[in-house]
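Heads up, the next two complexes both have chain A, just with different partners, chain B and then chain C.
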Partner chain A sequence: MPRFLYNQKTVQFLLQGLILLGLAFMIWGVGSNLAENIEAKGLQFGLSFLFEKTGFGISQTLISYSEESTFAQLYLVGLLNTLLVAVVGIILATVLGLVIALARLSANPVLRAWAHSYIEITRNLPALFQILFCYVVLLNVLPKTNLTFFFDSVILNVRGLYLPVITVGYHSVYIILTIIIASLLTFWFSSYLKAYRERTGRNASYRYVVYALLPVAVLCVWAFQGFTFSFAPPEAGRFNVTGGLRIIPEFIALTLALSIYTAGFIAEIIRAGLSSVSKGQTEAAQALGFNQNLIYRFILIPQALRLIIPPLTSQYLNITKNSSLAIAVGYPDLTAVFAGTALNQTGHTIEIILITLLTYLSLSLITSVAMNIYNERIKLVGRT
Partner chain B sequence: MCSRLFFFLAGFFMTLGLAVLPSASQTQQATLDEIKKRGSLNCGVTTGVAGFSSPDDAGNWTGFDVDLCRALAAAIFDDPTKVKFFPLSSKERFQALVARQIDVLSRVTTWTMSRDTELGLDFTYIHYYDGQGFLVPKSLGVTSAKELDGASVCTQTGTTSELNMSDYFRKNNMSYDPVIFEDYKASVAAFQAGRCQVFTNDASGLSAVRLRFANPDDYVVLPEIISKEPLGPLVRQNDSAWADIVRWTGFALINAEELGITSSNVDEKLKSDNPMVKRFLGIDSTFGEGIGLTNDWTVRIIKAVGNYGEIFKRHLGPETPLNINRGINKLWTDGGLQYAPPVR
Partner chain C sequence: MVSPTLTRAHPNSFTYLKEMLFSSLWNSVLSIVGLGLAGYVIWSLIDFMVINAVWTGKDRTACLGKNVGACWPFVYAKLYQLVYGFYPAEERWRVNVVYALSTLSFIALLIPAIPYKKYSFAFTFAVLPVISGMLLVGGVFGLEPVSTRFWGGLLITLVVAMTGITLSLPIGILLALARSSSLPVLKTLAIVFIEFVRGVPLITVLFFAVYIIPLFFDKSFDMDALLRVLIGVALFASAYMAEVIRGGLQAVPEGQYETAKALGFGYWGTMSLIIMPQALKNVIPGIVNTFIGLFKDTTLVVVVSIFDLLGQLSAAYSDPKWSTPTTEYTGLLFVGFIYFFFTYGMSRYSQYIEKRLNSDK
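Here is the complex of A and B:
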């Protein structure tokens, strides 16, 4: 046997190279097989269909969309709808899961039993089943004729919840963006102030500015747009309500069902994390005079987070992926409009499926990257 | 230990890579040969549309589209039961045919240019001339589709109904709220619950769906037919021999009705002196063998399922709950559109 094969590192390097070569070979083989079969079957392959007009409407669009829009715009509409379900679902599921987990750990036996049965039921029934059930129940519970609230400015019927459109400034979006940015600045400024206090032992003299940041920013932007304000309530037409901000029952059913389903899993994850903190911590805190609320906030949850975040990431990814069940209830998410309607109307199956797969992959990767960054910050630092 | 694992993985991937190497041009086996070898026909149908393809309590499939597949099985095997039915949603129907899971798709599918040219499939003939309509509850108080401005409309994904509905509302400057489902039953359930006031599908499908409700008379199909929906069976491209068989089986059904041959009088007609009848029944012609079947292919078909009129009457006629008027599906000699090229 030649000399270099005795070197373990060289051998491993060569073997890994062989495996990579084999993998590349396999991918090339599959790819060229695919190309040959597509040609043989007379299918067309290409991305130019993205610029053709779609010719059909969508019931919920977060950006402007009409039958004259292109498939590329349709893709954006679907993507935004999926993101909406994912974000709202994640927030709802986390809150609900936290509540259930705390109930599961409480001293009250009734609360514990209730939480336990909730977890067992939602974890063991399939997600699709729960979504369909929620939708059917919702459809039969919502009134067929209009139900109005707040002096006819809010209308509820089986086709949706219609809220008045409140426009602050030229477009509400600017004010919302301002609020988000100002909140982030306030948050950053207050952590700076806290660091200053810890460093010098004194309060900064300009610390009251932090309270004024948000209102001043909003007022400035609003003044710049001339203090315009409009209130447009929905109007009941012959068949349907026109105008207003519409929330379709499909969205409510899907988000609610997904949140309830995932909250069961999240509750168990949080409970596992909280139980992992040693009892000595709680006892020491009680000896120091902490009450239950403070124990949870400052002792238990910060330590539990280290165990909670990794599995929680998986659950968040599950919400995003399970949102593709939307088509069962007629909610126009990415899978339903792009990998459903558009796929059938254009026939470009492979391109559309590839794009959809890559989109879900990117969404999941972004979520897990964000969660991993947070995880890095709070994880236990070892001695090595 | 580690290096054994590496060897294994390396070998595994290399083998996989070699296995998927495109081998020298693999010609696909002709569909007819595949069917004969398999011993049964694979037929794609709906998941349950009354009158066209639906399973009864025992799980046996019956319907207008089902009978075409039974006719094909009779022509090939002389046994109309040698068919395996695959219920497919509107979303998966074409892929199933392309992927060779089924041999023929007889599933109330509309013949359109995009479907004919862009999917690698071919239509064969028109089994049923239909058109798209709207189903509304009578309580809505609507008598014409032009009064539907702002209505919510339910339909299924991947259908021409979706596109036609949008064209119609746009052409008449009306707005609408589309609710698109993947599952036919889910869209029907939403319509019943009132989520949408209008249900749209081919007019034949609307008659079928009305039967599902507890009170079918509370619903009415609006008079406007907004599109052409020629429904017919599909086969894969590049297999003209199989396409010929499907097409001429369909034409045989129509020609049989034109010649007055029914399932009950076939044996009599075999003794007829009429040269057209003799040619049709394969007595002094060899057309059957020419397309890969037997010369008595039409006799087998008619004995098994009857002629076009019998099939229509059996599944969609006045004695069925659907009770659809033959309308433009009458023979050309009666003023309809069913006109088949002659068997000669």
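Here is the complex of A and C:
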């Protein structure tokens, strides 16, 4: 064998060169086949279709949308619907998972048995099965004639739950944004308050300013919009209900089923995290006179969080990705409207699927990055 | 947290009840409500499935009426569809042979007491797929060819799951090795592939496999619909498997690599004879968990018009001939039990193996 082949670096370099060559060849072959097939099947390639009108309606849209809207707006509608399911699902699943985990760890054998059965059943049955089951139950349980609550302002029937549209100011979204931003600011400032208290042992005198930030901000924004307020209940017509904020049963089935499914996994993760804290910690705390509440708050949960956060992140990602199952129950999420309906209506298979894939990839990456930042903050410092 | 302990060293059942279930007012309320609810649920299930159930009948009229429970005639009528799909009746013996062979080979592979594991492994992962493929697809040895359009139900579920499992392990191992490789090009390619596939839902991967991968080939090559799905599922499962195996690789002590180098093993020798056996043994629970997830994910093929067990059930209970209030619940319960049987069985097996491996140490 020639001498240069005995040099490890040379061999590695040559191997990588071969791999790149092979890859380039594959891409060339695939690319030429792709071009041929696109021409043969009459598919057009290009992103200009995003500005054409769609011509079909969607049953649930968080932004204004009609048949005249473009495919780009359709994409936004789908994305917002997916995000809605993801956010609501994550919150519900975490709360439910926490409750189940605590039940699993309780001293009461009845609670433990219930939690264990719940976890086994929800983790072993497929997600799609649970979604279909919830959907079937919901469709059978919802009344076919209108059921009204709160003096006819809330209507429930098999086509959905109709809530009154409460508009605060010109558009509720301004107040909602104000609340979110003000809450975040208050949360941020309260860390300064806490640092002051720890440093001096007294409460900061300016703490009322921080507490007042949220209500004052909301009042200011509302005053700026003239203190307008409107309450528009849904109207029960002869054939259907008009007006009101409509929550479709597909959304409830999808979100509920996904939350129930993921809560089983989250419960196991939280349980494993809590069990990993050594028992001596609890015993020492009990000897010092901590009650259960304090033990959980100051000793168990902070230590358990380090073990819980990474697998919890992947479960949150799973909820976001499993929201694509909406296509099976007819909920208009990103996959269903964009990679489903839009793909059938236009011929742009490749662009649509690529855009969908990239969207989910971005969502996953953003969630991962956010959780990694949080993870870095609570990680064990010291050992590398 | 309060671990379940009692105050007396040798409690009798009365003490146990008193301290565990009724130690405080809140605890007593929870216990009574929990027990009552459990009894109600179990009784309702028995009531639905056995006592009020209908056992014989020809169509929906048998299952109408007040207080009717499960509609078992519906399940009988649709049973062949649920298990075989629309596989031609005269050829069903081939599917049965495949089922029997698979069961036997998996029993031989999975029960630790049975010897000759190397042969079971080789048979299950190399011979069995080929034999099953030939029997199911036909066209060779005088067997009538059966297009995959006729396959359905449990047959599709098991074919997709088994193919995914059989392919994801070797491809996953190669991907994990590439991911941990010292060649930057290979490592980057592996990372890009794994992170891309893990970041997107299986449904979009299936769409990609069904709509886009056929475009990569020559236009005269009409790829079978099931084949596209199998490719998509295999790629998806391989990425997850690669991450699991990488975890196992990281747990193998550095000294093993160094000793192998000192003894003169090359890369492939080290990997196949020393590192991989240890790595795989470390992560058998993780591998089985991936298999369980893969089995559950086979339900997703219904979105690309392949009718697996759940898809076939949805089609079956839409049949107007059997439309009654309890048809859907009966079907869902039946299929639910089947899925639970497989996945719970796999998870119990994984726990059993984990215990055995830990007791070895």
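Rule of thumb we're sticking to: the second predicted complex is superposed on the first by the 341 of 384 C-alpha atoms of A that agree within 3 Å, B and C clash if a C-alpha of one lies under 4 Å from a C-alpha of the other, contacts with A are read in each partner's own complex, and residues count from 1 in each chain.
Note that contacts are C-beta pairs under 8 Å (C-beta built on N, C-alpha and C of every residue); 3 or more make two chains touch, one makes a residue touch a chain.
Computed from a predicted structure; not experimentally measured.
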Would you sort A:F56 into first (chain B), second (chain C), both or neither based on which partner it touches? first
Would you sort A:P109 into first (chain B), second (chain C), both or neither based on which partner it touches? second
First, second, both or neither for A:T341, with chain B first and chain C second: first
Touched partner set for A:L23, first chain B, second chain C, both or neither: both
Return first, second, both or neither, reflecting whether A:Y360 touches chain B, chain C, both chains, or no partner chain. second
Quick one: classify A:N124 as touching chain B (first), chain C (second), both or neither. second
Between chain B and chain C, whom does A:T349 touch in the aligned arrangement: first, second, both, or neither? both
Who does A:Q292 touch here: chain B (first), chain C (second), both, or neither? second
In the superposed arrangement, does A:Q12 touch chain B (first), chain C (second), both or neither? both
After overlaying the two complexes on chain A, where does the chain B footprint on chain A coincide with the chain C footprint? 12, 15-16, 19, 23, 30, 33, 36, 40, 132, 136, 140, 327-328, 343, 349
Which residues of chain A touch chain C in the complex? 12, 15-16, 19-20, 23, 30, 33-34, 36-38, 40, 105-114, 120-121, 123-129, 132-133, 136, 140, 274, 279, 282, 292, 295-296, 300, 317, 321-325, 327-328, 335, 339, 343, 349-350, 353, 356-357, 360-361, 364-365
Within the complex, which stretch of chain B touches chain A? 2-3, 6-7, 9-14, 16-22, 28, 90-91, 94-95, 98, 114-115, 118-120, 140, 148-152, 154, 157-159, 162-163, 165-167, 169-170, 176-183, 186-187, 189-190, 193-197, 236-238
Interface residues, chain A side, partner chain B - complex: 11-12, 15-16, 18-19, 21-26, 28-30, 32-33, 36, 40-44, 55-59, 67, 132, 136, 139-140, 144, 158-159, 237-240, 242, 249-250, 327-330, 332, 336, 340-341, 343-347, 349
Help me check something: in the complex, which residues belonging to chain C touch chain A? 1-5, 20-21, 23, 27, 30-31, 34-35, 37-38, 182-186, 189, 196, 198-204, 207-208, 211-212, 214-219, 292, 296-300, 302-303, 310, 314, 325, 328-329, 332, 335-336, 339-340, 343-344, 347
